[in-house]
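Chain naming follows the written order as A, B, C and D, and within any one chain the residues start at number 1.
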Amino acid sequence: MRTARTPTDPAAGCQGEEKWQTLYPSGRYSRAITMFRLDRDTTYLMPAHFGGDPFDPSYQARQKARMLTVTFETDRAELERYIPEELELRAPEVQVALSQLTEINWLAGGHYNLVSVSAPVRFAGDVDRVDAPYALVVWENRTAPILTGREQTGVPKIFADIEDLHVHRPHYATSVSYEGNTFLTMTFEAGDPLAGADLDRAKAAFGPLDTIGWRYIPKVGAPGADLSQFILFPQAMEVDRVYPGTGTLTWTELSPMQNPRQHHIIRALASLPVKRMIGSMLAEGEVVLRGAEARILR
Amino acid sequence: MRTARTPTDPAAGCQGEEKWQTLYPSGRYSRAITMFRLDRDTTYLMPAHFGGDPFDPSYQARQKARMLTVTFETDRAELERYIPEELELRAPEVQVALSQLTEINWLAGGHYNLVSVSAPVRFAGDVDRVDAPYALVVWENRTAPILTGREQTGVPKIFADIEDLHVHRPHYATSVSYEGNTFLTMTFEAGDPLAGADLDRAKAAFGPLDTIGWRYIPKVGAPGADLSQFILFPQAMEVDRVYPGTGTLTWTELSPMQNPRQHHIIRALASLPVKRMIGSMLAEGEVVLRGAEARILR
Amino acid sequence: MRTARTPTDPAAGCQGEEKWQTLYPSGRYSRAITMFRLDRDTTYLMPAHFGGDPFDPSYQARQKARMLTVTFETDRAELERYIPEELELRAPEVQVALSQLTEINWLAGGHYNLVSVSAPVRFAGDVDRVDAPYALVVWENRTAPILTGREQTGVPKIFADIEDLHVHRPHYATSVSYEGNTFLTMTFEAGDPLAGADLDRAKAAFGPLDTIGWRYIPKVGAPGADLSQFILFPQAMEVDRVYPGTGTLTWTELSPMQNPRQHHIIRALASLPVKRMIGSMLAEGEVVLRGAEARILR
Amino acid sequence: MRTARTPTDPAAGCQGEEKWQTLYPSGRYSRAITMFRLDRDTTYLMPAHFGGDPFDPSYQARQKARMLTVTFETDRAELERYIPEELELRAPEVQVALSQLTEINWLAGGHYNLVSVSAPVRFAGDVDRVDAPYALVVWENRTAPILTGREQTGVPKIFADIEDLHVHRPHYATSVSYEGNTFLTMTFEAGDPLAGADLDRAKAAFGPLDTIGWRYIPKVGAPGADLSQFILFPQAMEVDRVYPGTGTLTWTELSPMQNPRQHHIIRALASLPVKRMIGSMLAEGEVVLRGAEARILR
């Protein structure tokens, strides 16, 4: 076995280990001299035995974002079929949001796209009473954030190919597909960007993005759950520009052979009646995720 | 919102729901008339609220497989740094195995590739005493099996692009890369296929594929784990053909900017000294996974 | 600039230059000591100045193939709109054929997929009188054969993503898409493989694959052509197995924004009426292309 | 065959045919009532029989561009091996330029990346005397512009995967790979953006991008060329921002089995000695291609 240790290391000359340790702290680089043992102050993801990151409660994941949202009113009973009974549906509304993320700090400048589908809920437990969007499903075109989202914060992320926005001003379009089978297309025709008080109102409206997810980890070799928790994930968008406009959503149902693991999700969403379009908007800015402040709702 | 319910449903004419229910049983199709409630006999993955599958202890995941393995001896102390102290390293050996999987029943005939890296260990607990390969890391080029593998059976799967084998007989080659950065290439030069008693011995040797994984699910908003379990995952290969031959592995370390979430894993594996090549082999047949029989080791 | 000359050369140990020179002959490796000059006996493709291959009239491109064909009768006038008037449409029939190609010798063991759409024509010129399928369009998911096909033999190849066949026996399915937008799905339900005289007849029917293409190279900075030639490209399939069965085609038209360069082609094909399904078949074997014997029809 | 004519047509509501006809003029939509016949004022690409575009000498292809250039001095004799003797090498310099293109008008808002390698030459013919960069090779990650570039203007474009820039300010990085095998990585560390007179000078220096290409179309079934022409392709960049900085290039040679059609090109470029780094720069703006004004040099 030949090992080429550093043939292609573009960052070698420009960023020392000290620098990267702020993102990927020392746990990953320390030399154990015995077998692997977990460190008490460290956060791990599988595979844990190659090391984790020191838990830093102040850590913020930051990224540039272009977000296109389309919101509509649907039938309450139809939507409630997909809302766990531990929650309360505050309004029979669904928001579909495409986010094109770039310059992601925790991916060292990488990028990916996501499409989230959510509905406004209330969690009213013994301790907590929280109003926030509930993540029905989030498609992402990159696996790393799917794993962190599911395992750390209970966001129900699954994979799809999500085309970068095609931009032929004022027209925007994207398509979401699975192994060559399109199941959602979004289009948007932008109006003039907001300014003045309109922009301020939009910034205030778009800014808070706290989300409720349901982390569900199954038992091994048996039905039921080893973990079943509702989690509040604090996040926000620092909005720079907002374009109102006209958006469309077009769902195409897929057969089990076209999408064996997701066809029932697509069917459920495609079947929700659209009683009224509430609005569409394109926002540009920076999204901040405070995953270390996520907490289990009780 | 326009919804095209069945424009592209190639399977519609040829396979009824009855058929698919053997793979994706009735839970996914039943109509709830209230809010979502978990069913006691069902297995779910996130998002759970769109429904799960009835737990079937006899279910077998089956797929055609072409598997290329390269095994080498390394330094015990170097390897033990990545073996949890709850386990015992039975030999300082590492096996790297590429599997090209097709006609996968639980993906309705889909396909994907994986590269697993494992070492032979013993779990000797209060109850169980098991010898099996320990999965150090498994790269896969499809997200769906990454999610089931991690969440249901603790296999430490992460994403990479894995090229289908290039086959210019007797030469085989593949490359494993992350966002355009190659970190592992494998080549193989095949000899004549085994026959007779040699083939029988190889079938017996290759057949059992039971694996030990470490399912680790972190706490929310804190260091440490909510779940930390060693799991035995029963699997086997029904071998049809075996080609002995000469294999090579070439690792290329990546910078944090090239692979921010995996560079430490690649560095660890690339740094393991190769004291001796043990052997290389190409096997073709069918792999059977009995995930419903997976169990937590105690 | 750092140059890593041979860090990842899996073939280095197993195949010498002598060997590769049979595929990529010496022109590519010879050292010129002056400026670049074309060699008289060499075939070049752009960029020519890095060298070409000695022209070898006996060279055969060989590859394993799994081919799924669906043939239907359409309206003659509708189809003739896309048949150049230099040709004669022999029957108002269209064949759509998916080919999944592996172990391709001229790609050193690589693989790709194509979907061809053709109609049976006659070229009756001053010199030649040839009956063969006319290639209306060929989508391929690999650029290298698109370039050779267009520039060397006038096959009108363009790019699409073409999913490897999903195989859930007896069901087969694939989808063809462009930047996330599905425009063609094909399914097939296989019957029992042919045997005996039926197989022999199918081998004879499937074997000849000679194709007529129209090489059209535009003028620079002006309308019209610098080259406009009908070319006969000799090819054949050595058939091993044939499965009759039932196939389906489903076209989905795309908007200019979804597929700006091909939407009119898809619309044309999707608009052809299906008067009668003629037949569907799945064949496995080896395809041989004799590109060096291609010739301009006169 | 089922045909779904308009299930996923996001642009249907927002842009009429009139609008698209400015990009894809009427030829594509006109109804012929006989067999296909070429129109005298139309430009076609294969397949021609589905229609072309009216030739418009004023048409400009426009796109947003982020361009990263790294320029170095090399050995004259080594470089001249790849310069056709019809040209004169003005300086032994090579420029490698990554361009990330978005909002491309002729792709209806689509996007793609390219990496061009060029050297400064003079064409001094019977009629023309032109100084411009000569395109040694251009890798692109989208096939459509590869085809137009090769066939219309002789730019020697071939395919590679080119990762969007990872941006972790002030660090930029990308990798260029073929079927999972990295052969070029580029990094850049940006300084402060230019302003005032420095920016004006940079705009003037970066603006003109006219390029010389060599259109070479082989004979059919014989060595030699049917077309062999040097072409001047007028293009320019309207520069908005320029960042000077420090760039690196790292080439990795590939084996014939890793990249059967391009390994000799990569080897040639990787073998060019770097005598001196001349400079690196990141520019953002808009690129304008005037393909209809391209002309054959004589």
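Keep this in mind: a contact is a pair of C-beta atoms (placed from the backbone, for glycine too) under 8 Å apart; a residue touches a chain by one contact, two chains touch by 3 or more.
What you see is a predicted model, and the numbers here were worked out from it, not measured in a lab.
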Proportion of interface numbers common to chain A and chain D (over half same, under half different): same
Which of A-C and A-B has more C-beta contact pairs: A-B
Please compute the C-alpha centroid of chain A, do the same for chain C, then give the distance between them in whole Å. 41
Approximately how many whole Å separate the CA-defined centres of chain A and chain D? 35
Distance from the CA centroid of chain A to that of chain B, rounded to the nearest Å? 25
Going by the contact rule already set, what residues in chain B reach two or more other chains? 2, 4, 7-11, 15, 107-110, 166, 168, 171, 173, 175, 179, 181-182, 185, 187, 248, 250, 252, 257-258
Seen from chain B, its contact residues with chain D in the complex are 2, 4, 7-8, 161-163, 166, 168, 171, 173-177, 179-182, 185, 187, 252, 257-258
Residue ranges of chain A touching chain B (in the complex, touch as defined): 1-12, 15, 20, 23-24, 28-29, 31-38, 40-51, 54-55, 57, 70, 72, 77, 80-85, 87, 89, 106-110, 135-137, 142-144, 146-147, 150-154, 156-159, 179, 181-182, 214-218, 220-229, 231, 248-258, 260-261, 264-265, 268, 270-271, 274, 277, 292-296
In the complex, go through chain B and note every residue touching chain C. 7-11, 13-15, 102-103, 105, 107-111, 164-169, 171-173, 175, 182, 185-187, 189, 246, 248, 250, 252
